[in-house]
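Here you go, one structure.
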Amino acid sequence: MPVVVQNIERADQTLIDALGVCGVATVHEAQGRKGLLASYMRPIYSGARLGASAVTISAPPGDNWMLHVAIEQVRAGDILVLAPTSPSEDGYFGDLIATSLKARGGMGLIIDAGVRDVRDLTEMQCPVWSKAIFAQGTVKESIGSVNTPVVCANELVNPGDIIIADDDGVCVVRREEAAVVLEKARAREASEADTRKRLAAGELGLDIYGMRARLQDKGLKYV
Amino acid sequence: MPVVVQNIERADQTLIDALGVCGVATVHEAQGRKGLLASYMRPIYSGARLGASAVTISAPPGDNWMLHVAIEQVRAGDILVLAPTSPSEDGYFGDLIATSLKARGGMGLIIDAGVRDVRDLTEMQCPVWSKAIFAQGTVKESIGSVNTPVVCANELVNPGDIIIADDDGVCVVRREEAAVVLEKARAREASEADTRKRLAAGELGLDIYGMRARLQDKGLKYV
Amino acid sequence: MPVVVQNIERADQTLIDALGVCGVATVHEAQGRKGLLASYMRPIYSGARLGASAVTISAPPGDNWMLHVAIEQVRAGDILVLAPTSPSEDGYFGDLIATSLKARGGMGLIIDAGVRDVRDLTEMQCPVWSKAIFAQGTVKESIGSVNTPVVCANELVNPGDIIIADDDGVCVVRREEAAVVLEKARAREASEADTRKRLAAGELGLDIYGMRARLQDKGLKYV
Amino acid sequence: MPVVVQNIERADQTLIDALGVCGVATVHEAQGRKGLLASYMRPIYSGARLGASAVTISAPPGDNWMLHVAIEQVRAGDILVLAPTSPSEDGYFGDLIATSLKARGGMGLIIDAGVRDVRDLTEMQCPVWSKAIFAQGTVKESIGSVNTPVVCANELVNPGDIIIADDDGVCVVRREEAAVVLEKARAREASEADTRKRLAAGELGLDIYGMRARLQDKGLKYV
Amino acid sequence: MPVVVQNIERADQTLIDALGVCGVATVHEAQGRKGLLASYMRPIYSGARLGASAVTISAPPGDNWMLHVAIEQVRAGDILVLAPTSPSEDGYFGDLIATSLKARGGMGLIIDAGVRDVRDLTEMQCPVWSKAIFAQGTVKESIGSVNTPVVCANELVNPGDIIIADDDGVCVVRREEAAVVLEKARAREASEADTRKRLAAGELGLDIYGMRARLQDKGLKYV
Amino acid sequence: MPVVVQNIERADQTLIDALGVCGVATVHEAQGRKGLLASYMRPIYSGARLGASAVTISAPPGDNWMLHVAIEQVRAGDILVLAPTSPSEDGYFGDLIATSLKARGGMGLIIDAGVRDVRDLTEMQCPVWSKAIFAQGTVKESIGSVNTPVVCANELVNPGDIIIADDDGVCVVRREEAAVVLEKARAREASEADTRKRLAAGELGLDIYGMRARLQDKGLKYV
């Protein structure tokens, strides 16, 4: 059953980059509020924002062997997405593997487990979103799979899906929906830019969105 | 039952500002170690410190409609305090509502739930203390109340109570106790300034506070 | 039973400093993946890295009296390690005690409980690794022990053991094993420096570590 | 500030008993979905169901002295409600205090902390809803208050408020609203009895509640 | 996007029943240690064990409207599997909906959220595996989907997949793999029956499984 | 470093049994409120109570190989105490190993990780105190140690230490302190029996323990 899928389809890089610029909150809204990984997935440093193509890893708890296998499958613009087969906080990823990942053009890591060497990773500007920071080492005894669908932090991720990540967390966009989602995200941004101006000028959301009548219908009383 | 209370009493702004300068730990001690919100309430960025007057919101889980209603009640120097009626991590608050809040002179947000757009909020210097950072969107389907007493992160907050918040967390001071608490906080600061000097010079707390005899009475042995 | 042990043995300061430079992940690996405190022990600010000699404290929940007692036992290069006898998040340690600790040459604090005044502690560059940041005050009513073995965040720490701490967490090294661990840590660093170069040049871990045959033996398929 | 309020008002015992029979879920709905303590409050054994009048306790963390003080204030039909001033899991309550409580006619305990001797408490049929079961002992060093308003498990409880507790958790009813809530709870039960029969006979909620049109309006598609 | 899929394929009932008899631990092993829902999914009472066909529900947080919609899609032998679109502990399910579910021949509920009326559900012998027990009510304001793939407690569940649940937790078996998994589960049971006898007679696993040589190779020392 | 220590010293069986009868809360108090494992260690079924001699296991996360090794070291009256070297919830122990353990006269298991087959274990009356119930399987790839000191659920346990466990949790008694602790535990029980009678007769702890004067000194006011 353990398998490495070598040729996966990826979305167009222009789409991926453009979605990355939109950011997690906007993309998540644009695709109908789906695809968000659990809120415990936090960046190891602030300010990183990216769009990238997922290379997925299913790995045993406390065993990072498949990370080494996955690196070989990475192309420029990819991000690793690791889901352990049982919950783990162990530090699967550190500065050595990060060096290798960077050398292959990889963008970073999404991991429903732990990482270590975070000072080095920060200096290298290798962004990671993880469940834990933990120096606990791993073994290389049991195999898993690369580029099969995984459930990571309560969300399904397929190889070649698009990962959007920033300080708000991590969101996955299906490869085949990327173009439509981008269109909606941009429309949303345009609309928000206008709303932002009006709000900054002191107008109220109650008026801009025309909420007063509906609130009254629902029975809200002002006293 | 859902209601918006429009005219609430606020403490004197000078008092509020002065308490804010004292900070959470000092104010909390000065009022007899009460009023602290749960320790999971964390700032979205470091270094913010404020005193502000509470505009309270009771909102359904995953529904941020009442935030829009509350904004209209905000005056310069106010802070929003949102307590969901059932636990939620959803992102009730983002950069658009923050823009509106700022335009009204609002100081920030205390929320026993989630926020999003934290990179934008950080750039805008709109401080938030929250339970979670989560891009999950909310709906606008059910109403709640504004400016009624709420329990937020295990602490009762009344509209017009004073919120003190910094990197240590969030503390609430009853409006009617503000003047007395400020006096005690300042006395505490004065006393601490003196003690700090003595400690910095190498004196021991054991001697400054005269603890040695009482420790001996309790049975502490040195070997 | 409550006791203060006044003369404890410490490791050679040169060893301690050298281990601190290696950092948590390297030291933890070098000593066979043991000695790591639980992953919830986090630094109050990023970037601190140290090696120090442990002065241990066993204290009742919500009672920081023994911290004052322990300060007197601190020598230059020591770090306090506090384990409460029952779980607590209370703020045992703030800027006043930190001032005293610094005046004695103490390096910082490891505490399986809470701290406060973190803005001041950050300004003072007094590093702390803790379970919580919480302004909740403590009392001085019950005594405990100083410089007896404690279990802190699921790890045994003896007085005079060496504490290594950085952004990855906290690791303890037995005093009598320090020299051997340092030797192994340095060997590891030397080896990693070489590997890092090869990885940066694009070589794969699969090849550097010769993993391909063993993966095939385990049954990994490429498709 | 620490105080024992000796004469508190209680609701009519008939009301209290009748609300207890309705159970938590029904009462919670009947009063507009408010008053529920946090879901981590669990019974130490299954099957207990009660209504009782609250005697409140505000106690320091890890210090059960005020429990002894509170027992004297207990009348037949009362229940103790203990909120620590800082989070604690310590075992404040065991079989000895339970014996005393029972001798006074007390009904049980609601505690946002720990209890112990649960085998004995189960044999005595002394129901407790708690955050933890933990044998950790407490001290008797610091005082608190009895019969002042407390926030327990994120909910405000006043002395004399009515506590409803069963396998679903714990709910508080304001004393002055008890009669109205009981009326609504009974109306709800009557209505549910009818609905239950129809559902048991195979009718669908979709039809009984007339939901089909509204679902269609919202855009639900059947495929 | 919200949709109700009315005709889903189900596995053969004989297969489903037979897998249910095997139990979670055996089935999970038999299919290569996959398909297990998170360990926080606990039965509301002990001793229930079942195999059933999944009717899936994707529902908004704190909104149980889709449960009513799903009931209509239930056939004898089905089990409901509800995944909220954002984390929730609210009580989506109680004795009324359970009555309706039972009337349709439904077997029970798997829910990554809360339930209530657990005393009634226990009396009715309507088994539920949930994240929480919480009386908190829900609304009927927003729609979701029935019988689309969902991620429930970190595991993907498709409509028509087979759910195995007992005191050990919950496991999902893909419909198309059911026959093969059953065969392996039974082989496993047969093998275990023999091993159990030998172990009961005092033989050691070390000898039965021939582990001694491999342990020696790994370097285990006996002292 | 991995080692199996074959000949460990055990306390006198009469002492062990007698301590088991006293129960966790009493023994914990009798030895000065120390030795309690973390409160998340819960029995898989209610009502078990035992005293037993510890056979300790240090095992890798998700790897139960050392359990098989440890069984060979078990004598009648022993209990296994397993501490993983990194946090894990996996099901290390099920009905097969339990059968083997029982055949050797073993009493049960204390495990800072998961177990499975809990229905079978309950039927066999094989008591387990664990962090989790989880069907997740383990591997047999990496070795650890048997009968070396371990930290289990934040408490140090040496081989041959005495484990007391019941519905309140788990407590460890040092072998060399067993006789003294038993004496104190029995004295405590004798004293409590008398107090229990007085409390049952309606006397107050305030009077029995003579607390009134000290409460007044501390400043408690009755109003």
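All chains are identified by letter, namely A, B, C, D, E and F, in their written order; residue positions are counted from 1 within each chain.
Keep this in mind: contacts are C-beta pairs under 8 Å (C-beta built on N, C-alpha and C of every residue); 3 or more make two chains touch, one makes a residue touch a chain.
Since the structure is predicted, the reported quantities are computational estimates derived from the model, not experimental observations.
In summary, the chains found to touch both subunit A and subunit F are C, E.
Centre-to-centre separation of subunit C and subunit E, using mean CA positions: 42 Å.
Here the CA centre of subunit A is 28 Å from the CA centre of subunit E.
Annotation for subunit E: residues touching 2 or more other chains are 33, 36, 39, 87, 89, 136, 142. Taken pairwise by the contact criterion, the protein chains fit none of the simple patterns, being neither a path, a ring, a star nor fully connected.
Contacts between chains, counted with the stated touch criterion, involve the pairs A-B, A-C, A-E, A-F, B-C, B-D, B-E, C-D, C-F, D-E, D-F, E-F. Listing the residues of subunit E that touch subunit A in their complex gives 1, 32-34, 36, 38-39, 85, 87, 149, 151, 153-156. Listed in rising order, the residues of subunit F touching subunit D in the complex are 23-25, 28-29, 33, 36, 39, 42, 46-47, 49, 166-169, 171, 192, 195-196, 199-202, 204-206, 209, 211, 215, 218-223. Across the complex, subunit A meets subunit C through its residues 2-6, 45, 65, 68-69, 71-72, 89, 91, 94-97, 99-100, 102-104, 114, 116-119, 122, 132-137, 140, 142-143. Contact residues on subunit B toward subunit E in their complex (touch as defined above): 60-62, 86-90, 136, 139, 141-142.
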